[in-house]
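Next come two complexes built around chain A: one with chain B, the other with chain C.
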Partner chain A sequence: MSEKFHNILEINNIYASYSASLHKLEYVLKDLSLTMKPGECLGLVGKSGSGKTTLANLITGFIKPISGKILFRGQEVQDLSLRQRIRQFNCGIQMVFQDPYSSFNPKMTIGKQLMEPLLIRKSLSESEIETKARHMLEQVGLSADYFLRYPHQLSGGQLQRVALGCALIVEPCLLIADEPVSSLDVSVQAQVLDLIIDLRKEFKFSCLFISHDLAVIYHLCDTIAVLNQGSIVEQGNVEKVFRNPQNLYTKQLISDAGYSFSK
Partner chain B sequence: MRFKRKDKNNQISFAPDVQRAYYRASSINKGAKIQFRIGFVLLAIPLVLFLINIFYRPYDTTSMNMSERFVTPDSKHWFGTDNYGRDIFTRVMSGLPLTIIISIGINLIGCSSGLLIGALSGYYGGTVDYWGNRISDALLSIPAILMGMLFVATFGNGIWQVIVALGIMFIPSYMRVIRSGFLEYRQRNFVKRLQLLGASSGRIIWRHLFPQIRTRLMSAIALGFANAILAESSLSFLGLGVPPSQITWGRMLKDAQGFLFQAPWSAIAPGLMIVTLVLGSFFISNGLKQISQQRSLA
Partner chain C sequence: MQNDLTKSEYILKVEHLKVVSAQGAELVRDVSLKIKPGEIVGLVGESGSGKSISTMAIAGILPEGISIAQGNIFFKGQDITRITAQDRCKINGNQLGIIYQDASQSLNPLIRIGKQIDEVLKIHTNLNPKERRNRVYGTMRAVNLSDVEKLAKRYPHELSGGQRQRVLIAMAIINNPELLIADEPTTALDVSVQAQIIELIKLINFSRKTSVLYISHDFSTVKKLCDRVYVLYQGIPVEVGATTQIIMQPQHMYTKLLLESIPTPEKRGQHLMIMRARTKDYRGSATNCLFAERCPKVFERCRQELPDMYEMCDGHQAACFLLDK
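The block that comes next holds the complex of A and B.
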């Protein structure tokens, strides 16, 4: 596989719709373009219904675009099915979801769920997999006691830590975090965000962080893309965009948030 | 305060509603426990009778004694005798194994086929689901009695004919239970996560989705067991069931039909046994259903 690419992710003029009929298309994403550099943490911000999760589903391959191009590590993937993408990039994209409770099989222990990604790949022996899973549990800041616990015995913040572990155990090059802290209380939010920062330093993955909370984006991301009614209206360095927003919608979003930003 | 918990950093937080619901649901409530107890006691009655029958059988089940026709229940014949002078208590005791075998056979066919069609329909959705539903609709449109008649007319009277005919008729009920469970759980994020990791559909269905609907399926099996006994009895009652040489409670009811007013006890004993077994299965099914519903709250 060629490793010559400038952007880990490049989306060009994408259109997406959930309409069943081709005659009456209502676009969720319209002429959307976006780029992400390797190792970058891009914050995707927008109001509810602006198409943030749809974009995540497009990138992962759960849905296909109507037109446009998606380049992942320099290769066109928009026409590939989810299975083809996995075969080609070997778990290149992983996702952390908003609701930590529905992200886990309720009948399986945390340890087994951490081992599952590696068991699916069949690249290591079971004892090696268990060692790696236990190590990952430590890396996400949970003690070995949690290995034999069930998801309902963990809090939302702890589950989100395990979800990060499950995603990172296969060493993806892109992690999509779809509002991973929005269902957590503020103190736990900060812990999970700090963990993401630490893990990024360690695993060196690119991160597409979806949120509607500007403070979270400011705290975590290098760049920001503002999504409004299915289109990216502004993209750039977080500091620059927050200090000097160019687009009217971005200005309104920042003023509505009412925060004073300083790194 | 019960749902207050401390996380790793000793910070107190309240578990969200979902988690609270899980705690509420994970303890089996009193009603379900009572239903289980009643169900087990009712099921134990025919089972004890069957165990007694293995070690002690007071009379032969088939030999006739015309001098003792229609004897009313007494100390010698506890449930009386039938039109051939056969002891009804002995026949009721020995009728259980075949009734159970037929019920198990019917449910085995219905459950395995229903599981396959329901799981594929629920997991894949779309065209697979459409055709799965059409198969189910087609089967639901055929009355069980008609299917029984079709099998008897084609293959003759016999245990296997009854099992296959009724087994096919049981597929839709199982299919619907399993399909609805799969439809509910395939939307969960953990399935999406597994798909992103490259897990095969078989692995997701068998290892991750099937355990979620196991309690629901157990409840459906317990209810299916009761329905199979009733269906077999109905077929036997119409003369479409097992041949006269075999003893099932349904067959005994059919034989008693001709002299119901002359010797009602010959119908009451097998009828009571059917009611006991059906009610027992029903109570257990209901208990399991309550647990399943409580767990699905989580």
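The block that comes next holds the complex of A and C.
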């Protein structure tokens, strides 16, 4: 595609709500705007209930906004159905979820689940897809014999690797990772973070990384957006925001996390 | 009996505890730990290291099929390893308070908050309803819940995660226990609430002189809270010491690598993991150092014998042959 766009993702004045009645709306997201440049890794932080996951679901199209625009690669996508999105962008947005155990079909082998996203798209032959899936398994650091295993035979960290593989196999330009390391042990978390760093170099995707762990955000992201009660209260370069937070809420968050700099 | 001597010295003393499953797998291999009155002790380890099973054994709430094979647990000098359910009832909820990890699953969804907190008093005290109500409100205020009269009439689903965790803490401390066991009380909460709960546990420890056994896999909270730390690896403590000693000068390779895998400002964007991944949980009895398969400094002896605890300086011990001089 040759259309021009500055930002890979642009969200303009979005409002979202889960309430059923239009007369009594309780907004989860209020007048939220956000932009992401190609190749950028944006960390989205906020308390539970601040609307982080709602924002992710809006971008992927699982829910529709009340009003506002979402531009993905310069095109409005907020009204497109999931099917239309696949047709138009070959699914340029992929997602990794928090709980690896509930993200997989327990009755399907790992290999089959890695192949699934490509099988749906029908652009390659089955043998080509299998070669790609086996290669992907290797890239996320798992040996070939995991191809025929079932999800229950893998640990949480290994499953989260496969989840990353499933998302990246269609070569998306935007990966949304919703708390991908929150349910993992420190050492396993470190392995998955290392993997994300390697994969970003390899695949060059933009990444919206949602987490409540500021240390992880600082480690991984270029920019940060702080969400409080459905609005973005501060956005900017990670380094700048951490060293010199402007917003009161951001200050509180950083001091609660006990994050201190040596300098 | 023979343990009268230790009575005043330790609130809790666990000696060579071994917990096995019905299939014979060793979930906890050889855990010994001591808690002095007023001390906050941390138990740190990865999932599968046996930290939760150890605390379940201490509280006498091991799941079906899992049992204590060896070792003794002394609570205030009394052996509570194999006591009857009746005797257990006199201890749990009274002298021993427990806070569980998942607050939303630990409360009965059909009973109002106030009544659930009151239940502990009903069982363990002879107070009349009015005294009990005052005590419930008082304890709720003590855990920083506001508007307690209203809150007591609510159901668990009407509370936020942080509030529910506070209610659980209120239930655990209402009878002024001498030991409080907190099994990962902050993992399900976000940073701000996490910080508040840690402060609250500190306050309870300070104002009520309650000893605390704090279980976590998160070094950042352990650092803020604990006086001493036990690092557990596959059912065996590999390092014991004061929190500052463990964090500033870890001696066991496992502790060192575990601390290195935490993201810090200095390591931004770099690889964190130098520890080899765990291949599979070994469930037989330990005949050699269990960390040998992942240790970068492994040598012949590690694969042949099980290391003892070597003492460096006052109370700082680690089970590693590298320290054997």
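One rule holds for everything that comes next: the second predicted complex is superposed on the first by the 258 of 263 C-alpha atoms of A that agree within 3 Å, B and C clash if a C-alpha of one lies under 4 Å from a C-alpha of the other, contacts with A are read in each partner's own complex, and residues count from 1 in each chain.
In this section, contacts are C-beta pairs under 8 Å (C-beta built on N, C-alpha and C of every residue); 3 or more make two chains touch, one makes a residue touch a chain.
Fair warning: this is a prediction, and the values are worked out from it, not measured in the lab.
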item	value
First (chain B), second (chain C), both or neither touched by A:L214	second
More chain A residues in contact - chain B or chain C	B
First (chain B), second (chain C), both or neither touched by A:G258	second
Partner chain(s) touched by A:L25 [first = chain B, second = chain C, both, neither]	neither
Partner chain in contact with A:S48 - chain B first, chain C second, else both or neither	second
Contacts of A:R121 with chain B and chain C, given as first, second, both or neither	first
Partner chain(s) touched by A:T60 [first = chain B, second = chain C, both, neither]	first
Touched partner set for A:S187, first chain B, second chain C, both or neither	both
Touching both chain C and chain B, counted on chain A across the two superposed complexes	156-157, 185, 187-188, 191
Residue ranges of chain C in contact with chain A within the complex	46-47, 160-161, 189-195, 217-220, 224, 257-258, 261-269, 271-273, 275, 277
Of all residues in chain A, those that touch chain C in their complex	47-49, 156-157, 185-191, 193-194, 197, 212-216, 218-220, 242, 252-253, 256-259, 261-262
Chain B contact footprint on chain A (complex, rising order)	60, 62, 82-83, 86-87, 91, 93-95, 97, 99, 101-108, 116-117, 120-121, 141-143, 152, 155-158, 163, 166-167, 170, 183, 185, 187-188, 191
List of chain B residues in touch with chain A within their complex	5, 7-9, 11, 13, 15-16, 18-19, 22-23, 26, 188-190, 192-199, 203, 208, 211-212, 298
